[in-house]
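Scrolling down, you'll hit the structures one after another.
In the two complexes below, chain A is the common chain; its partner is chain B in one and chain C in the other.
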Partner chain A sequence: MNIFAKLQNIDRRILYLLVALVIIIPLVRKPARHPRTIFKEVQSAYDTIQAVPNDKLVILSSYFDAGTVAENGPQVEAMMRHLFRKGTKFATVTWDPVGAELVSKIGKQVSGQMHKQYGRDWVDLGYNPGPMYVIVSGMAKDFQKVIKQDKYGTKLADISATKDVKSAKQIGTVIEVTASGTVPVWIAYFNMPNNIPLVYCPTAVMAAEAYPYLDSGQLNGMLNGVIGSAQYETLLGMGNEATYSSAASWALSTAHIFIIVLLIIGNIGYFAANRARGGRRHG
Partner chain B sequence: MTFLTMPRHGWQLVAFIMGVLVVGAMALWFLTMVPARHRKNLVAVITFIGGLYYSLEFLIPPAAWHLHPTRNPLTDMRPLVGQIVQIIWSFALFLGIWNLFQLHGRAVGKRGPGWYNSAAFFVAFFGILISGLMKNANNHAADSMFTILFTGFLTSLDATMFSLIAFYIVSAAFRAFRIRSTESVLMMAAAAIIMLALVPVGVVLTNWLPDTGFLSIFRLEKIGYWLLIWPNMAVQRAIAFGVAVGALAMGLRIWLNLERGSYFDRQL
Partner chain C sequence: MANWIIAHANAITIWCAAISTFAIYSVLYAENKFYRFFEHVFIGLASGYSMYITWNEVIYPKWWKLMVNDGQWYWAFAAVLGSMFYFMYSRKHAWVSRVIFGLFMGLGAGGAFREFYQIYFPQIGASMKPVVGGGMSVWDTLNIVIFYVILFASMSYFFFSFDHKSAAIKHTAMAGRWFLMIGFGAMFGATVMGRMTLFIGRFNFLVNDWFPQAKSDWSSGIFRALVSLFALALIVMIVRAIRRPKVKHE
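The block that comes next holds the complex of A and B.
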């Protein structure tokens, strides 16, 4: 086998090992440097949250499980940090049983670090089956009739953060962190009819679908996967802190460069092999 | 209705869960008693009523009802209908568990090849169920066990399964992505630009170009952004439009019981 054929047929085990290395090394080394370039939609997301009046509640809706926690987890964390820092109360609501535990864990961790109190500063509404029907059921008209209690079974009327939340008038913004296609339901039945801003935090692979909604103003901002959360942390003034998001943004950098290098090598081999075949035929 | 839907705690909650299970089991038993030839009709009628409610609620403007004050009387029923759908959704979860029990129970019973994988399912299911229930009763040991099972096993295994895609994508891109035509050149160039534009290192590559002015349009992040908000957005809008029309047609077919083939022609 000549060198060109070899370039096109690198053993897949070597490829797997190299992929693992280019991803693991930045994650272990954890570079503190965050991206300095901020995408327009990430800046809009930050500005939207910043503009929420502190007497209104933010709904932090999550629809993901452990499969995408590497992307959606940092988004939840970045949003919680901003809301806690700003002093805006929020309620987490999750549509996946595994995701409910993950979001709850992140909430406890971040609130502990920032010395915030459950019930006063945030509320965990736990897992609710069927996101579409909860949103369509008239959450905007009578919030406490649709979601009655928090994760621990306490009535929303008895919790300081939610006792005054009767309808959409007391909701400042909805943040949708998701690996699923739930955002059109929020737009159609909750945010647009009640003129409430919506911030979208999808996995990177879903972000391309959101640009029409951003362009039409139906979405007020977006965190594009873990890169979006790394940029959001830059906006939160954490640009020189070693966080998972910053490490992941460098891991993605090395992985993307690696894929492009592989594509170039594979194509060089392909062209060279074609030329060699053509040369032999004519010679 | 308030009596049924108010939050419960302690023994009342347990009694209500048991009550719901009994009522649910009776409802399912009743469904199995319906003669096979009528079962499909029953499903079709329930589907039609469900679809009719949401059609009348969302498609007829409130003014058309000629009520004072102007309102759609069906709107008040939305939370109740939503709760009914949530309960049906929860029963779907229950049916999923029942299905897994049947499948793996048979495999363990027959001791066929790989039966121990099925046995592992039962160990994992009851391990996380019991520790989860006991954790809620403030049992410290159960809390630790739940953390080990949930964070140590479930979360890690789920994330691992999902991350395997990265290895396959790299391998497939390397083997299959060859420049054979003008279209493939365009596709590879767009993919490379987007991949670089979205990550910090891509921005660094063209950092030497000015931030403003004519030359700034050649910065990778700006070319990537242009691709996303112009060609990508046009294509996404076209796809969304097609999907919406298709979903409408599909919804109508299911609502009116016109769908045939696949599961719809099977004996229930």
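The block that comes next holds the complex of A and C.
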């Protein structure tokens, strides 16, 4: 077997091992430098949150589970940091039973780090089954009739952050952190009819399909996977702090460069092998 | 024992997560029983946990408590409607389940209709932008012209009602095909990025949570004995896997 044939038949286990090594290096070194290039949609997301009046509540809706926590978790964290720093109250609402626990954990961790108080600065509305049924049930008209209590069974009317939230008029923005196609439900039944901004935080797989929504103004900003959350942290002034997002963005860059190199090597092998075969045939 | 578990809860959690991660990624080497076992554990855990959360945060506070404790007896009808789904398992009475399925399908269809015009109509409007005026720069105009060229070329690829005999249609459709391929390539690139991020998430856990824990646990004699036993079991498994005759896949 010549070198060109070998290039096309590298054992996949060797490739997996090499990818793992390429990824490990940035994670061990924990680089603090965040991306300096900010995508337009990330900047729009930041500006949208920044423009929310502090007397309004932000809904931080999540629909993901342990499978995509590496992408959606940092997005939730970045959004919570911004809202806490700005002093805007928010309520987390989760549509996945496992995701409910993950979001709750992130909320407790970030609020603890930023010395924020549960009930006064944020509320955890826990798990609710299916966004469509909850939103269609009249959440915009009578918020507290549809979601009556928080995760711990306290009535929303008895919680400082939510006691004045009666309808969509008191909602400043919706942030949808998702690994599922739930954003049309928010657009069709809540955000567009009530003219409420919507910030979208999908996994990278889903991001490409969201650009028509951004162009039409149906979405007011987007965080594209973990790169979006790393850029958002730059906007929050954390550009030189070592975080998971910064390490992950470096690991992604090195992994992508490695994959491109492998693609080039594979293609060189393919064309060279074809040429060699052709040469023999004609010779 | 209980006190020991409580005192070491964090370490136990980290070790369980690390062993599960290694088990799941072991499939990258080859299909094995270690992977299969943990796959079933994951499915079982997720199902059990979902049932617990659904009862604790939805069914109990939003249905059972209202019906039993707060005297709102009419919530019992929800159980009647809900139980209608289970008639699908009876050949004789399957029609009962069709009633409730039909109700939900109607709800879904109605929702889809509203979603369609709320989602796509604004996007159609936003696509038809003027090429000049409104303080647009040359670059803005160029951007919109490129958008129109790609839009019409891509749409012409989907003219299936007649043969693409005319050179204009044929070449436009071919260009549209290329544009579509570029679009799919961009989407695939994003997919690779997403999948890689999930891998990075687990590796970050192994490098920054599990490895420091393992390093600190290494000072304990019992731990070293346990790790040695585990390593021995792993070696036996690998040797047995290697000795097993290879199955040829077609």
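Keep this in mind: the second predicted complex is superposed on the first by the 283 of 283 C-alpha atoms of A that agree within 3 Å, B and C clash if a C-alpha of one lies under 4 Å from a C-alpha of the other, contacts with A are read in each partner's own complex, and residues count from 1 in each chain.
FYI, contacts are C-beta pairs under 8 Å (C-beta built on N, C-alpha and C of every residue); 3 or more make two chains touch, one makes a residue touch a chain.
Small disclaimer: the values here were computed from a predicted structure and weren't measured.
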Just from the overlay, do chain B and chain C fit on chain A, or is there a clash? clash
When the two structures are overlaid on chain A, which partner does A:208 contact: first (chain B), second (chain C), both, or neither? both
Quick one: is A:67 in contact with chain B, with chain C, with both, or with neither? Answer first, second, both or neither. both
Tell me which partner A:5 touches in the superposition: chain B (first), chain C (second), both or neither. neither
Of the two partner chains, chain B (first) and chain C (second), which one does A:102 touch, if any: first, second, both, or neither? first
Could you say whether A:270 touches chain B, chain C, both of them, or neither, answering first, second, both or neither? first
Partner chain in contact with A:128 - chain B first, chain C second, else both or neither: both
Using the touch definition from the top, say if A:37 reaches chain B (first), chain C (second), both or neither. first
Does chain B (first) or chain C (second) touch A:21, or do both, or does neither? neither
Between chain B and chain C, whom does A:260 touch in the aligned arrangement: first, second, both, or neither? first
In the superposed model, identify the part of chain B that clashes with chain C, out of 41-49, 59-67, 131-139 or 203-211. 41-49
Take the contacts of chain A with chain B and those with chain C, and give the residues found in both. 12, 16, 19-20, 23, 65, 67-70, 98, 101, 128-129, 136, 148-149, 153, 204, 208-209, 212, 215, 224, 227, 252, 255-256, 259
Using the touch rule from the top, collect the residues of chain A that touch chain C in their complex. 12-13, 16, 19-20, 23-24, 27-28, 30, 65, 67-71, 73, 97-98, 100-101, 126-129, 132, 136, 148-149, 151, 153, 184-185, 187-189, 192, 203-205, 207-209, 212-213, 215-218, 224-227, 244, 247-248, 251-252, 255-256, 259
Tell me, which parts of chain B touch chain A in their complex? 5-9, 13, 54, 75, 78-79, 81-83, 85-86, 89-90, 93, 150-151, 154-159, 161-163, 166-167, 169-171, 173-175, 177-179, 188, 192, 195-196, 198-203, 221, 225, 228-229, 232-233, 236-237, 240
With touch defined as at the start, can you tell me which chain A residues reach chain B in the complex? 8, 10, 12, 15-16, 19-20, 23, 33, 35-37, 39-40, 65-70, 98, 101-102, 105, 128-130, 133-134, 136-138, 141-142, 145-146, 148-149, 153-155, 204, 208-209, 211-212, 215, 224, 227, 230, 249-250, 252-260, 262-263, 265-267, 270-271
In the complex of these two chains, what residues of chain C are touching chain A? 28-29, 46, 49-50, 53-54, 57-58, 61-62, 111, 114-115, 118-119, 122-123, 125-127, 183, 186-187, 190-204, 207-208
